[in-house]
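Both of the next two complexes hold chain A, though its partner changes from chain B to chain C.
Here is the complex of A and B:
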């Protein structure tokens, strides 16, 4: 049970990550690979605050998210000033550089990671309680993003992605809109980080490598980029299926390559069958789910 | 009284290409100014300079007497510079109605705080925008197309939607870049009528157009441009009958 609950919590955390990444990259059209580092900022800031201060845990998570948001604003404001394409390169540099810094600082625990984060909730109810919290946060994230992109705001985002020049010439500040979307998405990743730190009580820099963004992107693309529930489906599938295979109790020598193969085949099959993702409208040109 | 638009000594070059060479242009309220010239003359670039897509190398752009050089594209739009595009640039994944609803420049639904906490004001703005959009579509006899995907419309009607979108905002200046290219039949008549009505309502309108009869029908004054320079500025008839210009323009 403990094990399954932990998987459930991980799935919820990745639903939050995938949904927020989808907001940035799928809806906002902002190409970034720095999502793991904002996840990390949330985790480290809330973990450190929990260790060194007596702030209530939710406050430390919010501070962590605010730091992720602030850092993302700095990154996006400087990169987007140059161009949209530049954001991709700048985000890569930001991701690699900041993670390197975390690995080399003493107070973050260096390469060994940050341990000793207080348990906060103790006793047998701990795991179920975290499962509920994580699930609620994931549901809230998905529905908040859905509400955001369905209304007039979503229409404006779509217009901006379709024709940014024409959109701007109507008097709309596309730059500030991109910054807002980017900051919200990265702030949400920071919340996921806080949740992670408090549940596992240990944060290691290895969990936030740049390859993480490939994993999250796979979830988004598989589920359906630019759809509200696609990231949920993607995160659940990509995390649950490898776990389900472990229940087959195969010897590790077969299991490890098998997971890799199934993972790859799954992605390829779905990309062929449903290029717009499982939740995407295959074939049809994408439309806004606007009020009209 | 100030003209709505006045450019003073506008210069712009891309490397060796001069797209704007000491351009001095005025447009008055209620006037429809024709802007003609051969391909590559710098007509679209002039619109880009006026609307703020491009920065001039030197010179001043005044809107109702006020210099707007330092204002970015979206601010000039908020000051009332509305324009259409030679290549339309419609929001292609959206319906006709959505294309128009996205246009009002002070749209409250754009602010994240309003979306989160001001549901009532968002709804009121949505309602007002929808009314205005319906009125404009009605003027263009396009009511029935409101819920069609904009790219599913015939070409001429897409051009009309480009104009309709620009008309979602009030403002003193309207710049139309080749509104007639590829437009014929009913859409042609509609375009002509709506452009005329906009000028009658007091807007200053500038039309770039290769269709000379359209210019002749709508404009009393026109400007001829070539190689970034204004070669002639005066009554349309004079301009069209000028042999040097016809030579430059039509190569005959």
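Here is the complex of A and C:
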């Protein structure tokens, strides 16, 4: 039961991550792959504050999210000058560079990771309580983003994504809108990071590498980019199915690559059989960020 | 004051170390030039090339040339399979950049997971010893590996230059790179060009992985780092400029080598990613060196 609850928490965290990434890439049309680094910033800042200060956990999570937002503005202000492939590669460089920094700094725990993050909830109720908190936050994130993109601001976002030139010609500031979308999406990823740090009490730089970028991107794409519930479906599917072999009790040296193989095969199969995503449809897919 | 001999040694070692990166970058940049794709699947091909040679040499105890031949066949076949059953299908669907990015990246990860399952995560080398006999030439230590690496990279680039400029097939590649639709109007098959490029890249990858694997340990994840170096060099050299990208790979290796005089070696990768970020923001079309003009040459 404990194991299933932990998987549930992980799924909820990834729903938050995938939904926030969907806001950036699916609705905003900003093709970056650096989302895991904002997840990492949220996790590390919350974890470090929890270890070294007596701030209440929600405050440390919010500070982590604020730091992720600030970092996102740093990337966006410089990298949004370029677009398409260049933005993709620039964001990759930003992510790997910051990870390298985290690996080399002593106070972050270096390549060994940051451990000893205090447990905020103790006792048998810990996992169920985290499951409820994570699930509520995931639901709140999905519906808040849905409300945002369905409102007048969301229509402006769609207009900016689909016809930036016309959008600018109407006197709207596309750059400021991109910055806002980017900051909101990355701030939410920071919240997911804080949640992760407090539940697992350990974070390591390896958890935020390129594979993580591919994983979150895949959740969004397979679920349906630019759809409200697509990332939810993607996260559930890609996290739950590889876990099925856990019950085979294989040794870790076989289990980890086997789960990776299942994950990558699922992605490849869906990419060719259902390129618009499970929740996506042909009409919408042509309007999303360079994806069909 | 730094000893000139130490500087010369760092320079030579940097040049020799850059050789595999030069080959990988040339393959990556050529693929990007002709197919317009950032082909991250080349990381998977690098893993296939290395572990094929490792298996043939250490498990089957084949001679070196047979192992290299097997790696060429296997990597070339894998590159063609990716092109025919993967990239070509996505092109026919008019898929966007992100789809290609996901496909090539995930395919590499799939290969890496399969290799991890088969060979584990311990660092492996092609030969039991990676020590290479050293000769002192003008107070500089030059190993046999250094000579092999520099000769392989130089021969690879020269062969590519001759192929691109002196053969019809090579000129077809340039035509497809310039304008694939126009080239097809003139009867040049773009699909054939993409397949030729896949095979050429596979050859360069096998050469590079032989050099890397005979000089140090490789884990299944190493190719992902190698492909990123090729990406950075390609950006610095300028998209579409294969030989400039290869030169940029040498410059990057030299900067990393000389950086040990100023910063700790653990920060070298950060330097590399800093270059990637700066290259995109400051030189999105690559660094262009102004041509020297002789005084009075043009009147």
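Rule of thumb we're sticking to: the second predicted complex is superposed on the first by the 247 of 292 C-alpha atoms of A that agree within 3 Å, B and C clash if a C-alpha of one lies under 4 Å from a C-alpha of the other, contacts with A are read in each partner's own complex, and residues count from 1 in each chain.
Just so we're on the same page, a contact is a pair of C-beta atoms (placed from the backbone, for glycine too) under 8 Å apart; a residue touches a chain by one contact, two chains touch by 3 or more.
Not measured: the values here are computed from a predicted model.
Ranking chain B and chain C by residues of chain A touched puts C first.
Once chain A of one complex is fitted onto chain A of the other, the partner contacts of A:5 are absent, as it touches neither chain B nor chain C. In the superposed model, A:169 makes contact with chain B only, not with chain C.
Applying the stated contact rule after C-alpha superposition, one finds that A:32 touches neither chain B nor chain C. Once the two complexes are laid over each other on the shared chain, residue contacts for A:158 go to chain B alone; chain C is not touched.
Once the two complexes are laid over each other on the shared chain, residue contacts for A:108 go to neither chain B nor chain C. Residue contacts after overlaying the shared chain place A:141 against neither chain B nor chain C.
In the superposition on chain A, contact is made by A:180 with chain B only, not with chain C. Residue contacts after overlaying the shared chain place A:254 against chain C, while chain B stays out of touching range. Contacts of A:22 after superposition: neither chain B nor chain C is touched. Overlap of the chain B and chain C interfaces on chain A: residues 290-292.
Every residue of chain A that touches chain B in the complex is listed here, in rising order: 148, 151-153, 155-156, 158-159, 162-163, 165-174, 177, 180, 184, 285-288, 290-292. Across the complex, chain A is touched by residues 38, 89, 93-99, 101-103, 105-107, 109-110, 112-114, 116-117, 120-121, 224, 228, 231-232, 235, 266-267, 269-270, 273-274, 276-277, 280-281, 284 of chain C. Taken in their complex, chain B has these residues touching chain A: 51, 53, 73-75, 77-78, 83, 85, 89-95, 97-99, 101-103, 105-107, 109-110, 112, 115, 122, 125-126, 147, 149, 151, 165, 168-169.
Every residue of chain A that touches chain C in the complex is listed here, in rising order: 25, 31, 33, 78-79, 81-82, 84-86, 88-90, 92-94, 96-97, 100-101, 104, 210-211, 214, 217-218, 221, 253-254, 256-258, 260-261, 264-265, 267-268, 271-272, 275, 289-292.
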